[in-house]
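Just below sit the structures, each encoded as structure tokens.
Next come two complexes built around chain A: one with chain B, the other with chain C.
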Partner chain A sequence: MGRQNGKKIWSIMALCAMIGFLLLPVATSLNALASGGGEAPPAPAVKAEGEKKDEAKVEKGRDVYYKTEGIVSGAPAPKTVDGPRDYPRYNFESRVLLWFANQQHLYYGSFVLAVPIFCMIIEFMGVVTKDKAMAKKYDQLAYDFIKISLTAYSLTAILGGILIFTFLTLYPAFFGYLSSIFRPVMHIYALMFVAESGTLYIYYYGWDKMKEGFLKWIHLSMSVILNVIGTLLMMLANSWIGFMMSPAGVDEQGRFLGNIWHVIHTALWNPLNVHRILGNMAFGGGVVAAYAAYRFLSAKTDEERAHYDWMGYIAMALAVAFLIPLPFAGYWLMREVYAYRQQMGITLMGGLLAWLFIIQATMIGILFLSTNYYLWQALGRMRGAEKYQRYIKYLVFVLVCGFLIFITPHTMVMTPAELKAMGGQQHPVLGNYGVMSAKNGGINVIITTTVLSFIWYMRGNKEPMVPWKNFGNIFMGAFFGFAYVNIIWLAVYGYYIPANVRVGLSVPQVATTLSCLFFMTALNGFMLKGAKQMGPIEWGKISVRSQYAIIMLATAFTWMMGLMGYIRSSVRLFWHVNEIMRDNSPWAYTHTVGFAANMISFNVLFFWISILFVFWLGTLGAKKVPVNVKAHVPGRVPEPAHGH
Partner chain B sequence: MKALMSVGAVVGVIASLVLLGMIFGVIPASTVHLVEGYMPMQMLFELSIFVAGFTGLSYMLNSMGMTISRFWQGIGFVAFILFYLKSRIYPPIPFSVRAMYGTVTMVAVFMWMSSNEEDWKKFRQPILNVMDGLTPLHKGLRTFFLIAIPLGLWGFAYQSFVPQGAGADVDEPIELRTVHPAPPASTKVHGKTFVLQTSQNPYRANPEGKYDQEYSNKLIVEQSMGRLMQENANPWDPKAEGYLKNVREGGEIFFQNCHFCHGDNLNGRGLHAFAFNPIPANFTDPGTIAQLQETFIFWRVSKGGLGLPREGFPWASVMPPWEQHLTTDEIWKVVLFEYWHTGYYPRTWD
Partner chain C sequence: MEMMIIKAITNPIFWFALLAFGVVLLFVGKKMNILNNTAYAAMVSVVIVVAYFHIVDHYLMEMQGLDYWYLFRK
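Our next item is the complex of A and B:
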């Protein structure tokens, strides 16, 4: 008993220490604001004459974004010239080296930020589930996840170091300027990294010691703190790229005006934050699912196959849960980009980079097609799901119609002879699919269909037994029917109204899709209460094609992340910091689509080879046989909470 | 169910016969014509009809003991889509887009055929039979494919390099043309700088003289077919004042300067249009001025093809820089007229 109390005290102390770590940067930031930031730094108590002289000396500048006045507190952005002083180089394109270092750091950074969030969710599911066998299984899964993440964490830090060295070595003038602007928060970032590392290590190594009772809750709350720190870290890093794209807090010459919050809180910061959190989660889920698929395909026993099938399913479900809102967050980001600079928006979606956006649309489509395909394949491991399988062809048709509209380019690639035969740059039939109104309809149809596939999957081996099941089925069918009609109608209507209203139409479209997701999933859940089981989910008895679909999904995520990162960065064109600091290196041009695609593919390949190494390291200390639930609960086939 | 499928089968047969009849000239090609303004939805609707029809047909044949194997269903569907895109849609779809659509269709058929184990087995069995060479026929087919596939690929590659057409001209290479290049942040016209993000058309004003897009939106022509004028919104009424008078003046400038290329219906089919490739921009298409801010059009009209930025390569525009021929006010008025006549609203961000 005394030992147990001791443990509790230690855990509470550990928790307090974590909170202390979390608050430390806040405390230091207050200090930083007092000394280097804030609208009006405290004036020293001097004589009245002295004050007048000081006022005369104080130079004020106008914020390029917020349009407020502030006291100039920094040097102007350097006007760089091509040469060894501003752009020292190896005998290679510096930009490509930086691209590689940045992308690899981002891949690993995203992974290690996402996986602890999964751990938190899965550990929580383990804590709240009443089935002890399942609780243990969830707990083991969360532990496996964090173990993979730990090795990746070291690699992230190493890659971060390489990135900083690359910046310092190849772009010293630019990096010097950026660090001078972010000086008040640079050390906070570093300290938060310390807090993140400390929390992560205690979380991981304390797993066994804090596995029961109150201590388990303490352990779980540590994961919350870990994720809070991780998210804040990411938001700070986002503020740098936000500043580079849409600078604020500086005057036209790039001089810091004393308000660090303005520098952080730029026009694109919040959309970037939301998009990146969701993107990281979807990406992390995809990578873990691919790991499970790889282990499934190389499994030797049925138990192993069952375990990794289940693990892949959970990771995939998490990835898809965050994938569904991702296009909406992306849409918001693009809307803000357009609102910030029309020029930037057109470069992205109608101009120079438009073809990359078509590739992006294709990748998004592949993500959703792979997800649906996986769910359909997963129906195969359930007895009773045959009744849904015969209707899959209609879902394929609807999905593909949405997909084709989504990928139809506004600017078509054609020979001059084809252009002449077409009688103009815009095709009268397909040209209509090339604009945003149609594409919004397309993607919403795709997502709604994915929700429908998921509901079929949930029902696969179950027969609703509630007295109102007929009414429920009709209501659900009508709801989906009206949802499709509403989405398509709004997409057509968008052609007949002003653009600012049309942009707003995305809200009811998204609301329709999300209504299907939330209300129909909930309704389905109610209908399946006390449902008749047609048979168990036979984990491990899924086609290998499903696992290739998962690998496809993960690869598409990785490729798309590389692509979108490149697009977002390229849209600055020849600016280091948009309209403030010009890039005068010899590489201030936009790469060709082909070169960019090859570079992205190289980054993807390198990431997957290196992460395979990380996975391999993870297996070195792993138990050979996964937790066998059958041994604990005879006659019960393992399945996640709520049967799915 | 059977009744529903019978209806589907009848629809499928009739639709297929009509399509074939129109394409091969048995019945007039305009029997079921693509209706302007509704073509995109019509295409989707037609495809849905065919899918429903084929489903019914397949069901009925199956119930009569004449089952079409999964393999041929899949191959047949891909062939149908390619045929439909090539022969039904006019004007012709560029190869790159047809290739995209064809690839997606093949992926879709794969997803359909492999959605459950039973169908997947049925679909791949004929392929495996040929590969395994089970019977002399299969062996013969295997040998045939072994020769035909590389030969076909060679032929495709050869054809793409051989000069086509009567004059044996080599095709000009594909151009990744940027239709709407990003505009500059600001542009200088007649000595005055206009910031494109914030500038406004001074003639889009309400009777009080204030910029008012909502007011002008109510006075533009009706969209879709006909483009009829609103009641009491005739710019050619001698009593028309304010916005409508400016539209009329913009129209006069348009018909004196622009309509030779952009056409009297603003659809890019003017007298001289077909001397150019590409033909001039079609303002009635929802992908042109309807997608852009008014200041973008002001910039493009002022600076013309010569003023296109680098990304506008290969600068395939012969439009003159109209700032050399028109005043700033005249350019704003002509832009006003273009939006009025097409029934589109300029893009705004509020």
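Our next item is the complex of A and C:
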């Protein structure tokens, strides 16, 4: 009893320490924020003599974004020249080196920020599940997840160090300027990182010590704190890229005006935050699912296969849950980009970088096609799901139509002869699909179909038993049917109304898709209460192809993240900080699409080779434990293959 | 006559009334135990769903200061 109490006290102390860690950066920043984050104002005693003279020296500047006046508190952005002082270099393109270091750090950073969020969700599911066997399995799964991320965490820190050294070595003038602007929060970032590391290690190593009762809740609270710190860290990092794209808090010369909140809270900061959180989650889920697929494919026993099939399914479901709202967050980001600088939006989607968006559309399409394919394959491990098999071909047709419209370019690169033969830059028929009105329709049809596949999967081996099941099925059919009609109608309607009205049609289209997602998933849940099970989910008895679909999904996520990062960064064109600090290095030009694609592919390949190494390291410490799989029992999931 | 129809369908009150009618049909069907009748269920579902999507389209455009019924009014 006394020992138990001691444990409780230690746990509460650890939790308090973490909260202290969390509050520490805030406390240390209070002073900086109170003084506007800039340099300390001159002491009153100093200006006692000749006060008027001193005040005359105070220079004021106008914020380039907020249009407010502020006291100039920093040096102007340096005007760099191509030479060893501002751009020291090796015999290699510095931008490519920085690109590589940045991308690898981002991949690992995203992964280690996303996985603890999954752990939190799964651990919470384990705590609230009444079935003790299931609770144990969820707990084991959460532990497996955090174990994978721990090795990756060390690599993230190493890559972060490499990134800073790359900046300092190759872009000292730019890095010096950015550091001077963000100086009031630089130490907060560093302290947050320390807090994140401390919390993560206590969370991981305290797992076994705090596995029951009140202590488990303390442990779960630690995961919440861990994720709050992680998210704040990410938001701080986002403020730097937000500043580079849409600077605020500085005047036209780039001089800091004393308000650090303006520097952080730029026009694109919040859309970037939302987009990145969702993107990281989808990416993290994809990587964990790929890990499970890899273990499934290399499994020697049915028990192992069953466990990793289940793990892959959970990770995949989490990834898809965040993938579905991701395009909408992307639309919001683009909308804000257009609102901030219309030219920037045109460069992205209608100009220099437009072809990269066609590639992005292709990748998004691949993501959704892979997801649907996995779900259809997963129907195969359920008895009773055969009834849906004959309808899959119709879903394939709808998906392919949506996909083809979504990837149709507006104009083509052609030779003069081709141009003449076609009668213009736009194809007389297909050219009509190369506009946003059609593309919005295409992607919403794809997402709605994915929701439908998911609902079919949920009821694969179940037969609703509610008295109103016939009405429920018909209502659901009507809802999906008219949702498709509404999405397509809005897409077609867009061709007949002026552009300023048309632009708003994407919002009801998105709302239609989200209505299907939320209302129909909820209705399905109600209908499946007390449903009759047609047969068990036979974990592990899924086609090998499905696992390759998961690996495809994860690879497509990785590739798309690389692509989108490149697009976002390239849109600044020849600016380090948009319209404030010019990039005068020899590499201030936009690469060809081919070069960018090769570079992204190299980054993806490097990441996957290194993460496979991390996976392999994770298997070294694992001990085999006896497992007792009851894969044929309805609704049961197998025992985990490894112990702590 | 045509103008009156256009005026009616471009008014959100019409769609709210249709939605309310659909909900009333739903409760009537439940009370009379005919909700699982395929034809009745289909009718009720179509009324509710069509009204719902029109309300969504109308208000989400209005929220942005835009007119969903632009083409019809012109």
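Simple rule for what comes next: the second predicted complex is superposed on the first by the 602 of 644 C-alpha atoms of A that agree within 3 Å, B and C clash if a C-alpha of one lies under 4 Å from a C-alpha of the other, contacts with A are read in each partner's own complex, and residues count from 1 in each chain.
Just so it is clear, a residue touches a chain if its C-beta (ideal position, glycine included) is under 8 Å from a C-beta of that chain, and two chains touch if they have at least 3 such contacts.
Only a predicted model underlies this, so the values are computations on that prediction, with no experimental measurement involved.
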Partner chain in contact with A:L369 - chain B first, chain C second, else both or neither: first
Chain B versus chain C as contact partner of A:I392, first or second or both or neither: first
Touched partner set for A:R341, first chain B, second chain C, both or neither: first
Chain B versus chain C as contact partner of A:P428, first or second or both or neither: first
If touched residues of chain A are counted for chain B and for chain C, the larger one: B
First (chain B), second (chain C), both or neither touched by A:F471: second
First, second, both or neither for A:I497, with chain B first and chain C second: both
Partner chain(s) touched by A:N486 [first = chain B, second = chain C, both, neither]: second
Contacts of A:S543 with chain B and chain C, given as first, second, both or neither: first
Chain B/chain C common contact set on chain A: 496-498, 500
List of chain B residues in touch with chain A within their complex: 34, 36, 39-41, 43-44, 47-48, 51, 55, 89, 91-97, 100-101, 104-105, 107-108, 111-112, 114-117, 120, 171-185, 196-197, 213, 217, 223-224, 268-269, 277-279, 281-282, 285-288, 290-291, 293, 295-296, 311, 345-350
List of chain C residues in touch with chain A within their complex: 29-30, 35-38, 41-42, 44-46, 48-50, 52-53, 56-57, 60-61, 63-64, 66-68, 70-71
Partner chain B, residues of chain A touching it in the complex: 338-339, 341-344, 346-347, 350-352, 354-355, 369, 372-373, 376-377, 379-380, 386, 389, 392-394, 396-397, 399-401, 403-404, 407-438, 492, 495-500, 543, 545, 579, 593
Touching residues (chain side chain A, partner chain C) in the complex: 467-471, 474-475, 477-479, 481-483, 486, 490, 493, 496-498, 500-501, 504-505, 507-508, 511-512, 515
